[in-house]
Every structure is written in structure tokens, then in C-alpha cells.
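Below are two complexes that have subunit A in common, paired first with subunit B and then with subunit C.
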Partner chain A sequence: MIALGLEGSANKLGIGLIQHDMTTSPPTVTILANVRHTYHPPPGEGFLPKDTALHHRSHILELIRNALADAKITPKEIDVICFTKGPGMGGPLTSVATVARTLALMWKKELVGVNHCVGHIEMGRQITGAENPVVLYVSGGNTQVIAYAEKRYRIFGEALDIAVGNCLDRFARVLNLPNDPAPGYNIEQLAKKGTKLVDLPYTVKGMDVSFSGVLSYIETNAPALLASGEYTEADLCFSLQETVFAMLVETTERAMAHIGSKEVLIVGGVGCNMRLQQMMDQMASQRGGKVFATDERFCIDNGIMIAQAGILAYQTGYTTPLEKTWCTQRFRTDEVFVAWRE
Partner chain B sequence: MIHNAQLIKQGAEAKVYLAPFCQRQAIIKERFAKAYRHPTLDKKLTSRRVVQEARCLNRCQKALIDTPTVYMVDLENSLIYMEYIEGISVREFLVTAEGETPEAQSRVAKEIGTALGKMHNIEVVHGDLTTSNLMMRKETGGSVVLIDFGLSYVSNLIEDKAVDLYVLERAFTSTHPNTEVMFAQILEAYGESSKAAKLILKKLEDVRMRGRKRSMLG
Partner chain C sequence: MALTALNEHLALRIPFPSPRLAKIAADVLDVDKDLKPEVSRRTISTEENILLLDFQTSTLKLLRTMVNSSLEMVQLVVNTMGAFDTEDQEETATTTVVV
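Moving on to the complex of A and B:
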């Protein structure tokens, strides 16, 4: 069984082809293709929905052709077409969904609309082999501490305002760091040279976190701190990372203690950050636990994760009828009925 | 480090030991250094939280809210010595045969709501209300005790109290599916015991809308 996955909920356009060999139990999973093209706005700017949608429309057909060529298969061999139904930006989502619908009609395939967050979780589980971890999902648009219970991915903690990746990205704009390959990546590199810790707001509310206060504080004070000569840009990046990641690790640990779980899985774009992975690892080893993380191929938005989550749903008999293939910007992780897990 | 102590639990914040203290059993809560956290940040958070926890516990005790009695605070080593409570957590209780009955749930909900109302009346915000942090005292046949004030602080803001309730609501819905009725009963009892209940419960409605990606249909 082969699934095509189309993802374009933010500035990454990803196409993936995945194969599940159903003759073995559990099915043997092979990644046939995983290609991506990213829209980078100029330094100091974020990506706007209109420009991002245009980027996706301009590149999607070429990317699908590349994916089919990588996989060395023809459209005939595809069983199901999976696309991101939400959450994400409206324009980019619908431009990709339109392609999914068209292909499904042309090639006479079934469609499966996938929740982006569930895509991340299923890809992380598949790649790392983590059985039933507490999931920290951190990206530019999402910050959630999740655990599975009774057919749902339940949200134990989340950001009450902006996502952690958004906080980092917006600080990158203050420093005018390039958006290529990613603003968060450039902060991470600069933070490695930082040594001095600036005292920043630290906001944890039970298992929830808040980042808007720390962002406002550092945005407002950065010019004066830099001008004083006491702190460098690297120190500020270092301080921001140390503070916000400590908040994330603390709430993840609280969820682990609450549920009694020993495993953590980090997914989402910010999950590639090596410092975050290291901190999580230190936390886990202090409590005899284990961390699972993936690299940028699977952490950052991609088409494979949509194909993976979609094919799992498809195997339980789930499809999305054409008239229900609309997209939604608001689609919570816990709205999805997880039929494919015990 | 602690004489004759037996580690009984490693929570997110601290290690919890059971140890003899002045001819009785006591709980010793040790906030150990977190390897993942920058030492400066770690020290700041730890010492602040030890003091806040002891203060808030003391404040509750004075207001006759059932909480563990603080025996001693060792700030140097980030230790709090406090009363050992024999019993089970509400989280454990809810999966017992008795805990699954509507009658038992309703009784416990009422007690929780009343205690939280009283706690907010003296401006204490718990900061980490979960069903693991609500215990049931064995010697009284299961009366509710509020524990783990590790993230607690003093505040008279409606906002902080509403978030406190929201944290508990989330813990309920994520850990115990199908307990909406019980949480509604908690809020009902809270409404009777909290002085500013009307304002706080109204604020709770706002706080509920705050998580990201909520569907805004209807």
C-alpha cells in the first residue's frame, strides 16, 4: 500500500511517498520519497500567507514529479492521497488541498485529510520506535505537551499565547538574522557563542507556558542591552534559548511525572534544536527516562508525515469524501479520533 | 544526605523522601539541581519556589485549609520538612471501584471545590492543580488534602485564580476522560465557598478560549 502525502500548512512545501508492506505484521514501512521546498522571506520579515501560497502553487507540481521520480513509481501504484487539512495558514493550506483534490479526481484515488500535529506525532513514533511517549510538539505555530489516552492525543499542556518557534523567529527579526535555512537555526548557531545569562521572565502555569512576556521583554530591552556593551547578540540568543527551553523541559517533565511515563518524543521544527534535545536528555536521564528525537528530514514539516498519518487512518477504512476536503486553520490535536491505536 | 530517608517519589520538581523526624514520620521534599537548567536560572527558581511553597502552606494552615503542616525549612539545601499524609491521590481514587461511582465523585468534588474556594479567599494560588496533587486522608476516611504547593504564590488577581482552575480543568479532561460532571460539581462548590466566585468563573470562560487552534464555530 502506497500513500502520497502533501504538506503546505506553513512556509514549507513537502511531498512524500510512503509504502506499507501489509504482508508482514506490523507492516514494514519504507520511505520512497521525501522532498521539500521552503519559502524564505527576506531577513527581518516573516512569511505572509499570500506570498507563501504563491510559492506553494509555483513549486508543487515540479515537487510531485520529483517525488515520483525518486520513488521510481507511477501514479497508478498510489493507493491514497493524503493532504494537510489543518491547522495552518488558510491560503497555503487550500492551495495544496486543491492539488490533492485534482490529482485524486484525475488518478481516481481516495483522499484522506490529515491533522498536521497528528502527522508529526505519527512520523516521530514511526522513525524512533517510541511506543507510548509523552510528546513535546514544538514549532513555529504550535507548542503542546501531548500524551495518548483512549483513542485521542490529549493535550496536557500548551502555550497560552504564541508558540515557542514564533517567539524565536520574531527575536531573529529583531537581530535581522537571515531566514535561510531557518531563523531558529541561526539563533541556535549564534547562541553557541553566548556565555552571559540575562535575567528574563519565566512563565510556567502548571503544564502550560506563555512566551509573549519573555518576547516583549527581550524585544524592548535588546537595543539597550546591546548598546551597553555588556551583552552581545550571542548572549541574548543564548539567554532566550536557555529560558524558553527550560520552560518546555520543565512542563514536559511535569507531564511525565503526572502520567508516570519514562519516554519523551520531541517533534516539530524547534525539535531539531540540539540544545533543546540535550536539555531534554539531561532531564530524562535524571529520572531514568529516555528521549527520542528525529533530524531535520522528519522534524521539520514534510510530506512523509502526512502520508504516514493518512495511511494509518486509511488502513482502518477512513477516507475523506470530496465535499469534506475543505481546510481549517483551527484544528486541535485532540479532535482526531485515533482509530489505529489500542 | 538525609539521614534514614527513603525515596518515595520523584516528581517533576523534587525528590520526596519519607524519614523519621522528631518521633514521627515526615515527608522531606528536596529540590535537587536540574542538570538541564542554567545554574543561575536554576538557583533563582529553586530558592524562590522553596520559600513560596513554605509560605503558602503556612498561610493555608492558618486559614484551616487541610494541607501538610510544615515542620522545618532548610533553605541552604532546598529542603522542606512536612507532615506525612497517609492516603491515596484523587487520581488513584478515581480508578478504584468506589471512585467510579457518581456518589463518591460528587462527594469528593464538593470537598475539592470548597477547599479551593477557601484557598483563593486567602489569596493563595496553587499553580499546579492536578488530581495527583489532591490527596485523600486515610485517617478521616478520605477527606481531601491539598498538597504540592511547589508552584504556588500569593496573588489577589482574578486572572491568576481563574488560570488556577483552568489548570485543574485541563488535568481533569486530559487524565480522566468523561469526568465533566465531576468538574462541574467542583465549580459549583467553588462558587459557594469563594468570595469572588462570580468574577473568577466568568474569567475562567475567557481563559478557556486561550489555548491555540480552538475551533471557533458557532
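Moving on to the complex of A and C:
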């Protein structure tokens, strides 16, 4: 069984092809293709929905062609077409869904609308082999601490305002760091040279976290701190990372204690930050546990994760009828019925 | 909310290579419903190989943005068909028998 996955909820456009060999139990999973094209706005700017949608429309057909060539398959061999239904930016989502629908009708395939967050979780589980982890989903648009219980991925804690990745990305704009390959990546590299810790607001409210205060503080004070010569840009990147990651480690640890799990799975674009993985690992090893993470191929938004989550749902008999293939900017992780897990 | 008069109107006729492709385009586009039907409405239908798009809006500005975004999506559908409708010939043959 082969699934085509199309993802374009933010500035990454990803196409993936995954194969599940159903003759073995559990099915043997093979990644046939995983290609991506990223929209990079100029330094100091974020990606706007209209420009991002145009980027996706301009590159999606070439990317699908590349994916089919990588996998060395023809459309006939595809069983199901999976696309991101939400959450994400409306214009980019709808552009990608429009192509998914057109292909499905031309090729006479079923469609499966996938929740982007569930895509991240299922890809992380597949790649790392984590059994029943607490999931930390951290990206430019989402920050959630998740655990599975009774057919749902339940949200234990989340960001009350902006996502952690958004906080990092927007600070990168203050420093005019390039958006290529990713603003957060450039912060991570700069932070390695930082030595002095600036005291920043630390906001954990129960299981939830807040990043808008720390962003406002550092945005407001960065010019003066840098002008004083006391702190460098590297020190500020270092301080911001240490502070926001500590907040994430704290809430993740509380979720682990609550459900009695010793595994942590980190997914989402911020999940490939090595410093976050390191801090999480320190916490987990103190509890006799383990951290599972993936590299940028699977952490950062991609098409293969949509194909993976979609094919799992499809195997349980789930499809999305054409008239319900509209996209939605708001689609919570716990809305999805996880029929494929015990 | 008071009903706004839908004074502005535009009808587009877009030809496709075959009735089958025109129908696919109509079905694909019709999934996305009007967000604010009280100020802008789009009706989609087909006539043989022609895709018919009918727009009604309260203001000229809305009409422009709506026609513009619809045409962007039509263009995307047409390009997708051009790139990937490899099975056109054999399918047209079977469709003709059914019709």
C-alpha cells in the first residue's frame, strides 16, 4: 500500500511517498520519497500567507514530479492521497488541498485529510520506535505537551499565546538573522558562542507556558543591552534559548510524572534544536528515562509525515469524502479519533 | 444582520479540453464554500467542456478579490491537469461508454 502526502500548512512545502508492506505484521514501512521546498522571506521579515501560498502554487507540481521520480513509481501504484487539513495558514493549506483534490479525481484515488500535529506525532513514533511517549510538539506555530490516552492524543499543556518557534523566529528578525535555512537554526548556532545569561521572564502557568512576555522583554531591551557592550548577540540568543527551553522541560517533566511515562518524543521544527534535545535528555536521564528525537528530514514539516498519518487512518477504513476536504486554520490535536492505536 | 444587496455581478466561461476535466475542476473548486455568503457568492457549474463561474458581491472591490483568487485556483487546477493527467486517453474512452 502506497500513500502520497502533501504538506503546506506553513512556509515549507513537502511531498512524500510512503509504502506499507501489509504482508508483514506490523507492516514494513519504506520511505520512497521525501522532498521539500522552503519559502524564505528576506532577513528581518516573516512569511506572509499570500506570498507563501504563491510559493506553494509555483513549486508544488515540480515537487510532486520529483517525488514520483525519486520513488520510481507511477500514479497508478498510489493507493491514497493524504493532505494537511489543518491547522495552519488558510491560503497555503487550500492551495495544496486543491492540487490533492485534482489529483485524486483525475487518478481516481481516495483522499485522507490529516491533522498536521498528528502527522508529526506519527512520523516521530515511526522513525524512533518510541512506544508510548510523552510528546513535546514544538514548532513555529505550535507548542503542545501531548500524551496518548483512549484513542486521542490529549493535550496536557500548551502555549497560551505565541508558539516557542514564533518567539525564536521573531527574535531572529530583531537581530536581522537570515531566514535560510531557518531563523531558529541561526539562533541556535549563534547561541553556542554565548556565555552570559540575561535574566528573562520565565512564564509557566500550571501545565501551560507563555512566550509573548519573554519576547516583548527581549525585543524591548535588546538594543540597550547590546549598546552597553556588556552582552553580545550570542549572549542574548543563548539566554533566550536557555529560558524558553527550561520552561518546556519543566512542563514535559510534569506530564511524565503525571502519566508515569519514561519516554519523551520531541517533534516539530524546534525539535531539531540540539540544545533542546540535550536539556530534555538531562531531565529524562535523571528520571531513568529516554529522549527520542528525529533529524531535520522528519522534524521539520514534510510530506512523508502526512502520508504516514494518512495511511494509518486509511488502513482503518477512514477516508475524507470530497465535499469535506476543505481546510481549517484551527484543528486541535485532540479532535482526531486515533482508530489505529490500542 | 441586514441583508446586503449583491449588486456586482460577473460571469466567466472557461473552456477545458474535455467535459470530464471541466467537471473535475468544478468539483475541486466547489469544495471551498463562500466564507461570507451575505456579501459575496460564487456559483460553479459546467456546460459540456465549459467551466462556468458566476460571482455576485456587494462591492466592486470584493468582486475583484474574489475573481482574482478564484482564477488563481483555476490556474492551479489547470496546471495540475496539464502536468499529471497521464491517463487521459484510456479514461476518456471508458467514460464515453458509460455516458
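The rule is short, and it goes like this: the second predicted complex is superposed on the first by the 342 of 342 C-alpha atoms of A that agree within 3 Å, B and C clash if a C-alpha of one lies under 4 Å from a C-alpha of the other, contacts with A are read in each partner's own complex, and residues count from 1 in each chain.
Criterion: a residue touches a chain if its C-beta (ideal position, glycine included) is under 8 Å from a C-beta of that chain, and two chains touch if they have at least 3 such contacts.
Keep in mind that what you see is a predicted model, and the values were worked out from it rather than measured.
**Student:** Should A:Leu103 be classified as contacting the first partner (subunit B), the second (subunit C), both, or neither?
**Tutor:** Once the two structures are laid over each other on A, A:Leu103 reaches subunit C alone.
**Student:** Is the number of subunit A residues in contact higher for subunit B or for subunit C?
**Tutor:** B
**Student:** In the superposed arrangement, does A:Val249 touch subunit B (first), subunit C (second), both or neither?
**Tutor:** The first partner, subunit B, only.
**Student:** Does the superposition put A:Ile64 against subunit B (first), subunit C (second), both, or neither?
**Tutor:** In the superposed model, A:Ile64 contacts subunit C only, not subunit B.
**Student:** A:Leu226 in the overlay: touching subunit B, subunit C, both, or neither? Say first, second, both or neither.
**Tutor:** A:Leu226 contacts neither subunit B nor subunit C.
**Student:** For A:Met280 in the superposed arrangement: first (subunit B), second (subunit C), both or neither?
**Tutor:** First partner only.
**Student:** Subunit A touches which residues of subunit C in the complex?
**Tutor:** The contact residues of subunit C facing subunit A are 24-25, 27-29, 31-33, 72-73, 75-77, 79-81, 83-87.
**Student:** Sort out for me which residues of subunit B touch subunit A in the complex.
**Tutor:** 10-13, 32, 34-38, 40-41, 44-45, 127-130, 132, 151, 163, 167, 170-171, 173-175, 177, 210-216
**Student:** Please name which positions on subunit A make contact with subunit C in the complex.
**Tutor:** 57, 61, 64-65, 74-76, 94-95, 97-99, 101-103, 105-107, 322-323, 325-326
**Student:** With touch defined as at the start, can you tell me which subunit A residues reach subunit B in the complex?
**Tutor:** 87, 141-143, 147, 149-150, 152, 154-161, 163, 197, 199, 202, 204-208, 242-243, 246, 249-250, 253-254, 256-259, 278-280, 282-283, 285-287, 328-332, 335
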